[in-house]
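These are the structures in question, set out in turn.
Each of the next two complexes has chain A plus one more chain, namely chain B in the first and chain C in the second.
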Partner chain A sequence: MKYTKLLKGNHALAEGGIAAGCRYFFGYPITPQSEFLEHMAEIMPEANGEFVQAESEVAAINMVIGAASCGAKVMTGTSGPGFDLFHEGIGNLHAHDFPVVIVDIMRGGPGNGSLHPSQQDYDVCIKSRGDMKNIVLAPWNHQDMYDLPNLAFELAFKYRNPVVIMADNVIGQSYGNVVMDDEFKPTEFDTSSWAMSGAKGRERHLSIAHFPDPNVANEMQHYKQGKYAEMAKNEQRSESYYCDDDPEVVVVAYGIMARNSYAAVKALREQGYKVGLFRPVTLFPYPMDALNEATKNAKHVLVAEMSAGQMCADIKGRGFDKDVVLKPGFCPSSVPGTGEIEAWIKELL
Partner chain B sequence: MEYKVLIGGSGGQGVMLLGTMLAIAAINEEREATCLPAYGPEMRGGTANCTVIVSDEPVLTPSPDAVDAVIVMNEPSYSKFVGDVPENGILIVNSSITNNVVEEGVNYEIVKVPCNDIAAELGNVRAANMVAAGAYIQKTGAVSLEACEKTLTDYFGAKKPGVVKSNIDALKAGMDYVK
Partner chain C sequence: MIIVDQERCKGCSICTKFCPKNVIGHSGVFNKAGYDYVEPQNEDCISCGICSQVCPEGAITVKKEDKVVYSRPQVLTDSAFTYCPGCSHGVINRIIGEIIDEMGLAEETIGVTPIGCSIFIYKNFKVDYVEGAHGRAPAVATGIKRVYPDKFVFTYQGDGDIGAIGLGEAMYAAIRDENFTIVFVNNGNYGMTGGQVAPTTLLGTVTTTTPKGKTVHEGYPVRICETFATVGSDNAYIARGAVDTPANIRKTKQYIKKAFQHQLDKKGFSMVEVLGACPTNWKLDPVKALDKITDTVIPYFPLGEIKVGKEA
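This part shows the complex of A and B:
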């Protein structure tokens, strides 16, 4: 049965994870992600799953590797400083081709950073050392926080790749409507060809994170890049609003910036201006085809993001050939409001 | 129709419960809502606040540029958020513990409600937040009394019928006070 609840974004992630079949969670608390972990601690036992609050992020991500190696649906979550500590483990997950869903509720700045809203983890979320790529999903409302964990597991198991759900603290910490379905049946994935399930009666499965043999190393690199090309072909996801009538200005934004930009675009449409919004849902693979389509006749493209232009540089690097205006050009300590975004757009009209 | 309210008070005054109660009441009416709490250093003592939006359509953004009503539960919150009251908006003040309210020359409606005193008379001073909620829903019609009653009953649960009743009584008393 479907029903609606008011959920905190971080709680919606936990509920969505359990609904998607996640039965293992290992993590370490950090603002603004802690309520995700706390809610997992509450609801995981009811789902007969395992929850462990580890002694550190380094321990947590290694516990995640253990569960992932067995083919289990496992999640963890953190914020920027913890994501820094996750990197070694994420590298190993890539080396082994283990599926996992990682949540990053971003905070601002380097080091321990600020507790302000931010979109500054874009670069570190889409990439991992050794030319590796994480699939990255960017929720913009509470419903996405509930729905995306299932998509994340589908992609993680389809490609045997880490998937990051990257959100900002406005969505993570605020409450909103979520439609839930208590009869939802998540996909059970066939892991029999690779999972470390005990080798009794079959050939043992070997998984290594070390590639000293040059032929093996080359083969691995080609396999990985081939996998990313497949993702780019099949998994680009995005939404376009008011982009069907060749708008003069198209705003490109994700997360809370897409939310506020949508409000700005809607207000300007009501005043008769031809403006549109393009919202990437996957940040890797980036939905370049839909971006090119949405902006093909636009006079101006405005990238609105709370960083010094990480997404902007990414689309440029992927060959986006239109001039792009970046706003606000840095990460301010509060989210630019609808009025501010309207003013940026009007400057271009 | 969209209702946007900023609620300020100090930790322990039930500001978050007041905010989420309004939002859940909206969902009980099959409408849409968001509630954005202030977070960060302010969570530890000092002022607590949240912004609630109730709407017949999906809420555009949980962090709006402006609200149409402000509820302040104490004097520090009055000082901090009085500037957020818009022209022709409503300011609901917990006058039991907020004394220095500027009333002359303002371009918005001030509704002074002695929330603590009314709640104390009803025997549950902790329900002062619901007195303010009652005043707010009576003045604006943002959500119905019935939806709030259902929310409080679900929230406190069958185990605490006395708490449910005292909160609903406080809600009704707040409504009556501003009628």
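This part shows the complex of A and C:
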């Protein structure tokens, strides 16, 4: 049965994770993701799953590796400083080709950072040492927070790759309506060819995370890049709003910036301006095909992101050849409002 | 009667030290790997099995009449160990292999490697194996055990791995009373990276990073078992053995077996430290390295059961 519930974004993530079949959670408290961890602590036992508050993010991500090695659906979550500590483990997840879903509710700035909203983890969420890439999903509302964990698991198991759900604290810590379906049946994945379970009646499974043999190392690198090319072919996801009639200005934004940009674009449309919005859902693989399509006759492309241009540089690096205006050009300590975004767009009209 | 696998033998001489009848000696012939392998020199063998028990390569089969008394455990792969000659990892791998055979655990086991020379255990065992990052094996084992509470899970770590970079993960496994087993090898240095000072290095010891000898400024040597015994459940099992003599090898095997049984009985955390030698980095021949354990290491790291659960 489908029903609607008012949920905090971080709680919606936990509910969505459980609905997607996640039965293992290992995490460590950090604002602004703690409500995700806390809600998992509350609902995981009811789902007969395991919840562990680890002694650090380093421990948490390695517990995740252990559960993932058994083919289990496992999640963890953190914010910037914790994501820094996750990196070693994420690298190992890549070395092992283990599927996991990781949540990053972003903070701004370096070090312990600020508790202000931010979109400054774009690069660190996508990239992992050794040319590795995480699939990154960017929710923009509470429904996404609930729905994306399932997509994340589908992609994680399909490609045996870490998937990061990268959100901001505005969506994580505010309330919104979520349509839930208590009859939803998540996909079960066949992991019998690689997962640990004890070598009963089969050859032992061995998963190592170092590559001393030069041929194996080369094969691994080719396999990884081939996998990313497959993802780019099959998994680009995005939404375009008001982009069908060749708008003059197309705003490119994700997460909370897409939300506010949508309101700005809608308001300008109501005033008769031909403007549109392109919202990537997958930040990796970046939906370049749809971006090119949505902006093909645009006079101006405005990238609105709360960073000094990480997404902007990414799409440029992927060969986006139109001139791009970046706003606000840095990470302000509060989310630019609709009026501000409208003003940016109007400057271009 | 003994049969030496000539290609496995690394000529470390440890068997020659302990053979009570002076049966074994070097052949003077070099095998393919370049080692002067050992062979029986006379007919005096009493099939006591000591040479097989102390052999770090699992290279000696002992027969009494036609019956095999000691041989390589079934759970071990056929490949030769890649440890240096006389390295204690080999003996410890072998006794763990014997226990897995004796307890019938091969098909139930999931092992987790550390980083260090101790990682090579994954090559030697025909059981499911996951590699952890340096120091993180206990966290990985925690994740596995949460998924499979009924499987047999163990980590095999070095003293740097567990006592320095991974102290937090290991100690929290004890604090949470995780129901898996840690076996770790105290060889007094970072073996794999070339013999740097380790948390367990004794004061005064010259290492590549304490060229003038370890002082308290590099840290007092950590008695990891005693430290861990102060946390976690009263029912945990914590013991320290050594592989310097046949008697201590047998004791160590008993400790590890007890620790494994502790886990199978779902009694919670279990850990066994094994004092071993790193002849290469200690710059001692394998036999003298064992003497060093007896003479200087054991006095600082007393052997025995350090925490025995009330119900154990």
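Quick note on the criterion: the second predicted complex is superposed on the first by the 349 of 349 C-alpha atoms of A that agree within 3 Å, B and C clash if a C-alpha of one lies under 4 Å from a C-alpha of the other, contacts with A are read in each partner's own complex, and residues count from 1 in each chain.
Here, a residue touches a chain if its C-beta (ideal position, glycine included) is under 8 Å from a C-beta of that chain, and two chains touch if they have at least 3 such contacts.
Computed from a prediction, not measured in an experiment: that's the story for all the values here.
Enquirer: For A:197, is the partner it touches chain B (first), chain C (second), both, or none of the two (neither)?
Expert: second
Enquirer: Which chain makes contact with more of the residues of chain A, chain B or else chain C?
Expert: C
Enquirer: Touching A:85, do we find chain B (first), chain C (second), both, or neither?
Expert: Once the two structures are laid over each other on A, A:85 reaches no partner at all.
Enquirer: Which partner does A:337 reach: the first (chain B), the second (chain C), both, or neither?
Expert: first
Enquirer: Given the touch rule stated above, what does A:65 touch, chain B (first), chain C (second), both, or neither?
Expert: second
Enquirer: In the overlaid three-chain picture, which partner chain does A:208 touch, first (chain B) or second (chain C), both, or neither?
Expert: Touch status of A:208: second partner only.
Enquirer: May I ask you to decide whether A:325 touches chain B, chain C, both, or neither, giving the answer as first, second, both or neither?
Expert: Neither partner.
Enquirer: Can you name the residues of chain A that touch chain B in the complex?
Expert: 4-6, 31-32, 115-116, 141-142, 169-171, 173-177, 256, 259-260, 262-263, 266, 335, 337-340
Enquirer: Hey, which residues of chain C end up touching chain A in the complex?
Expert: 106-110, 112-113, 122, 125-133, 136, 139-148, 151-152, 168-169, 172, 175-176
Enquirer: Given the complex with chain C, which residues does chain A contribute to the contact?
Expert: Those in contact with chain C are residues 24, 26, 50, 52, 54-56, 58-60, 62-70, 72, 74, 88-89, 92, 95-96, 196-201, 204-210.
Enquirer: Under the touch definition given earlier, write down the residues of chain B that touch chain A in their complex.
Expert: Of all residues in chain B, those touching chain A are 20, 23-24, 27, 30, 32-37, 39-41, 58-65.
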